[in-house]
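Below, each structure is written out as structure tokens.
Common to both upcoming complexes is chain A, partnered first by chain B, then by chain C.
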Partner chain A sequence: MAAKRAAFLALAIITAVISSGCWDALDINKKSLCTLVLTDRAGDNFVFYAEVPNLTLGQQQETSGAAHYDIVVGEGTTYTNARRAINNQLDKPLFLGTVRALMLTDKLAKYGVEEYFYRMQTMVDYRRVLEVVTTHSSPEEIFSVKLENNVSLGYEIDDTITTLKDTGKLVIYTASDVLNFIYADRSYVVANMDAVNGRLAFNGYTIMKGSHYAGFIHVDDAGGLVWLLGRNIVHTRAVPAGEYTAAVEIKCKSRKIRPQYVSGQVVFNIDMDFTAQLMYMNDNISVDKKQAEVIKNELQSMLLDELVKTVQHSQAIGCDYLELWDVFRIHYPGVYRQLDWPSAYQNAAFNITVTAELDPGGMMDMEAQGRKVS
Partner chain B sequence: MQRKNKQFEEILRRIRSKSMDLTERRLRFGSGMVAILYVRQLTDRVALAEQVIKPLMECDKSRDLTAADVVESVIFADDCQISTDTSQIERHVLEGMTVLLFSEDSQYVIINLKQVEKRNTTEPVMTYTVRGPRDSLVENLDSNLSLIRYRLQCEALRIDMLRVGRRNHSKIAVIYFEDIANSQTVAEIKKRIGAIDVDGLSSSGELQAYLLNSRISLFPQMGIVERSDMACGALLEGKVVVLMDGSPWALVAPKVFSEFLWSCDDFYQNRFISTFNRILRIISLNLAFIVSSLYVAVVSYHSDALPGAYMIAIAQARANVPFSAILEVLFIELIGEIIRESLIRVPTKIGTAIGIVGAIIIGQAAVAAGVFSPLILIVISLSLISSFVPADYTIMDPFRVLKYLLILATAMFGLYGFTLVIIFVITQLVSTNTFGTPYMAPVAPFKLRDAIKSIIYSKPSTPLRPEFLRTRDNTRGPIPPRQGGS
Partner chain C sequence: MTNTITNRQLFFMLLLTLTGGTVSIAKTMAATVGTNAWLVLTATSLLIGLAAAMIVSLNAMHEGQMLFDYAPSLVTRPGAYILILYYIAYFLFILSGLLYDLTRILHYDFFPKTPQWTFPLAGLPVFCYVAYKGITNLGRLAECVGIVFISLGLLVHLLMAIEGRVSRILPLIDPDRLSGFFSGFKSALFSFFGIEMLLVIPFVKKNKNSRKPAKAAFLSLLAIGAFYIIVVETSIMKIGIDDIVNHYDALVVAIRDTSPKGLEIISRLDIFYLTMGLSGLFVSMSIALMAAVEYLCRLFKNLSRLLITVCAGAFCYVLFLVFSGIPNFFEIYPEIGTYLGLFGGILAPCVLLLIARAKKRGGKAVPHGS
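For the complex of A and B:
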């Protein structure tokens, strides 16, 4: 009896193992690892550019053994056809779990990106936390840029974005976030990188409304955007102070957005509190209290101006890319359900106050009268 | 002539008929005889001549001698006793005792002049220490007991002598502090030793197999100790030490899982260094167990769990390897085990040669030929080296075997299979107990104080013995008063 039971148990285990074991799993070297996907629209066709490391060629190189990357291009009338064209050129199945960046050309953004993101959602191995960027440059320009530290363009984009994000200079969303925005038909911003003077550079934000391109903000005009959307943002500004100019490092200390719904109108009270560190003056002078006050006032006015411009821009193009809908929804869920948010947002009133504390640091001289230091 | 001891000749005949390789020496006194029986190989013959034969020859030969006379006023030997149970004579002689049998007295004398070939106390081989004492246990039970007695001169130290084996009657010493050790543990160990019914035991390893709670348990439930200072340390902790004549290893019980990771140097070093080393051993044990399986999981299933740069580097390293990750890992693990096993069994000089051959053939040639990737060599080497870090090597044995189960499960189901086996191992660990003490104590059941002290330990800062040992006296020393308390 015991032997029968043992045999039954063994049979059950063996059957379970054989039937549910992942026998079709492929080792990492049996896949074509993709590090960058660039998606473009050429005429009526979709074009995929996949950056794939050539493992054996990299090994043969006697120098560093670093991988050599190939660009595989697939074009088709549909995404499926374009992908098939890619597959037809690869000796191993394409593995999208290694993709570091997804780059969308502005042509595709204008056409609409929803189908691509729906497609992405069905691919279980596609990395969801990859950075999404847009570009105004053509794929040829992008793939001809000089890479600084990486031999892979995917890594170059990822590293650049990560560095800017970590140093508090950038607002970025992942593919998963973008998919959620598309599903909810929200407005959002996507970092834009272009080929500039043969190099790849972050130069602003593409504004997307749902799955379509809605505008562009240059990096120089994106100050208000990052203050309102970013976390731990650190920026430096050149602040005019009389005949001199002060270089100031600014951090957002607190950001309070209090929505109100008054007489059928949406009102946002935005209180921004900044701390600023005086780094240096453009001339060899010590800063006195009065001058510090001037710099502080100028700074507050500059920051207020940035915020107002951003809010006005978002209202003008009817895109709530500052995600204020979420703040309002939390406070007034019932009202929000009944509102036509795009028009309510365009008609919304904003009360923006900016306070800044200036730390003159070692530049402060209590007895100085704006005199030069010998 | 009528002998007073009518059995005298009969006993001698009986002993002779057994061909026990005894030496018999007869001395005549008055109307009777004294027969000296001993085994030459087990007896100190100089002492026999000086302390027994010489005094007997020099005493008054005109009178009949009795056992009491001889013990009280003739022989010089210090350890002697009188007995009447003649059925035990053969056993005494075979144990190395010298027996004086009297034709005119039914009592006989047993003299301890035992001298067996024994090893000198040497430096420990398996548990090397930097700062600790260097004397290790030897095969001779008396020598081992003397080492322990020398360190623990305390009247509460109990040494219960037991015998095991139908044929060889091995001497076993159960040692414990009467006022510290848990009496149930002591009773249980003595009960299990008493219940052993076997022809004979030759080492403490065999004895250990009879003392386990469960014969099919994966994990060692008793510690083995090579050094006398560690045996003494265990006794002071309230544990029971079992010594067996003929074995240089002491058994210690109870011993919980975390204690297998402790080294004797932990007690002699700065607490911060000891803590660092203990954490290092925990990491090493885990590395030895899981690193090769994680390699399989990452290479075959969860490539995206790695940072992309590593992923491409791994793929590149494996680009020309003909084997799948699982076969590669199994091959190298097996080769590693073969080299390890061969190195243990051969002399050091040959072992070095095997090590070099193994390293060159496997390390360089196999990678150059593209049979294995360089990364797998790093992984398996890390696993092998880590397996030597835990202080008590016996704890690594089950993990060495379970590692293959983990590799296979991971190869079949990825991290899901990996997790299943880890859960199985943890279940096994927490359901094991060592003489009534939970094996995973103080982690399961969780006792914060003991758990902290099992990692960060120093004698001055730890006045209490661990709660899980259930000792009769749980204080090692005075408990310092709380600072700042009212």
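For the complex of A and C:
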């Protein structure tokens, strides 16, 4: 019995020692926790900017928030050299498991982001669920912006993206999605954030073709894009109705895309169904049924215009960033494999219909007091 | 100690034995048959389900005995010894291969700085201890671990499905890729082998319904097939076919890509999987070792079970070190395992069952025991 107990104890100790004494064990305090990675291309060099907390300032009460983070810059002709340059400056090994945001500059996007993503997927601690953003601003401008509720720029970017996404204002892809697009050589969009008036702001989408920059869509022109790509998107629009303007909150109720392949041509039938709520008018007028119909018609034609413009733009630049290839592939897998999709897409025909239901005012009686105008 | 298990334990033992290889199944299926994976897996589970039912029927014909006990009456004593040696070699090979797979996953996905030779040193003593305790205890352990494994596994795959994109697994039938059905079928077979361990489980008729264990084995294989389909489909939904084909550890990559925002406590699903998902692999290795030990104990009746278990564990470690030295062994291992499994899991039991049936029909008495 005693021998059995001794054997069991020895087994437990050996197992515990071997399994917990892994070569990889490293105290969290002995790592440089990275919260933001910004990758740039300067001349013929790759440049990494890593935001790491400066723990030595944590105890000083009078230190301002932003000073809690340091930006470590590493430059090299290859990514490995750039990373080595970063490592050479850090007193502790860099830990990428805590990165909250990955930002790529437009210069790198124009050069090609492929290699960076191949590199990223081999790093065990780097998370592929990171949402990717691009920027037209220089790294210096980005790191000099005023932060709102965070002391870390990485957290600021992550929180901004999360807020926009949760409120139905943004289409965003993760690093894993981008890798998938790169492997399949597709077109896609990446949310863009720039330094605007000293603040970091989402201002549009960078269009990528495979791993290269193919254009930019300003947020004001991205209406059709978000309706076609986004989930639970909510937008407000100022709809002109005669000489007045109506503020309307719009949600996409259903999106049906039916592809056809007719006589060697790709045809997409897109039926969009929206629900809208009239929030207020710019004047104290009574919104009766006739006036509501005017607003609804204007809204429908406005939404149709947004969708048509987006489709035309994507066809004009030969980038199917609206992921219509996926819809066609599901319905015609054999044909899709044989097609040269970029050219088939450019010559595709579109039949777009838009219907909208307008709820005038919700719980407000929009006919109660205003002037009769219809 | 009676070496018997209940039908529920049988299900969990089969589940844990077979699902030891789920990590790479999504890659192999996506690469060979694309979105038709569910079709191939359904067909394979039906075939292997029949094979499992056949093994159970063979055992049920020889109540209270395992292969070693009744084989001499079917294929003569020398034939039985050859068969037993084959199964011992097979289980030791599979166990060493599973160890090799496990250390690769742990090394490349979780502990890159830890040398691979250290991992089995932590695991093998435990596997040896579990195998030493015999079938009945292992059945009980499999039941406990299996319940946790299947419930948490389904939760992880549900979260993956919620975050994944349905369009990636469509079309459900891709006619252009049906031509790869047989190569997909061959790739899928290896993930279903492990049913050979049923040959070491003696069956005891407790009631008149003697076909029940065979039915249970068949249904278990169908359930395992359904679980594989869930694993493959959710992995494809998460990272897509174009990317999944690049990863031997497709399941780990897909789990890493899942980060449930609302459930912060399990936002690092890969760590969650490390504790829960790998427990299934640990039990499957214990079962493989137990099967080899059961045969070895019958072969070397004079040696103590403890000594045999320790020697088998040590031999597996040496074999694992040899495998680690072979370049690209992870590509060769499923190939060899498939052919070995085809003989051990389908062909040999099929022949034995035919002989047993013929002898029974011919009115010859089947002497029990050797």
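Here is the rule we go by: the second predicted complex is superposed on the first by the 336 of 374 C-alpha atoms of A that agree within 3 Å, B and C clash if a C-alpha of one lies under 4 Å from a C-alpha of the other, contacts with A are read in each partner's own complex, and residues count from 1 in each chain.
The definition used in the following text is that contacts are C-beta pairs under 8 Å (C-beta built on N, C-alpha and C of every residue); 3 or more make two chains touch, one makes a residue touch a chain.
All values reported here derive from a predicted model rather than from experimental measurement.
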Partner chain in contact with A:Asn282 - chain B first, chain C second, else both or neither: neither
Touching partner for A:Arg100 - first (chain B), second (chain C), both, neither: first
Partner chain in contact with A:Lys31 - chain B first, chain C second, else both or neither: first
Chain B versus chain C as contact partner of A:Ser301, first or second or both or neither: neither
Chain B versus chain C as contact partner of A:Thr78, first or second or both or neither: neither
First (chain B), second (chain C), both or neither touched by A:Ile330: second
Which superposed partner A:Arg127 touches (first chain B, second chain C, both, neither): both
Touched partner set for A:Ser176, first chain B, second chain C, both or neither: second
Which superposed partner A:Thr163 touches (first chain B, second chain C, both, neither): neither
Residues on chain A lying within both footprints (that of chain B and that of chain C): 22-23, 127
Interfacial residue positions of chain A with respect to chain B in the complex: 17, 20-23, 25-29, 31, 33, 35, 53, 55-56, 58-59, 65, 67, 95, 97-98, 100, 125, 127, 154-155, 158
Footprint of chain A on chain B - complex, ascending: 298-301, 303-304, 308-309, 311-312, 314-316, 318-321, 324-325, 412-414
In the complex, chain C residues that touch chain A: 108-115, 118, 121-122, 125-126, 129, 167, 170-171, 174-177, 238-240, 242-243, 246, 253, 256-259
Partner chain C, residues of chain A touching it in the complex: 11, 14-15, 18-19, 22-24, 124, 127-129, 174, 176, 179-180, 183-184, 326-327, 330-331, 333-334, 337
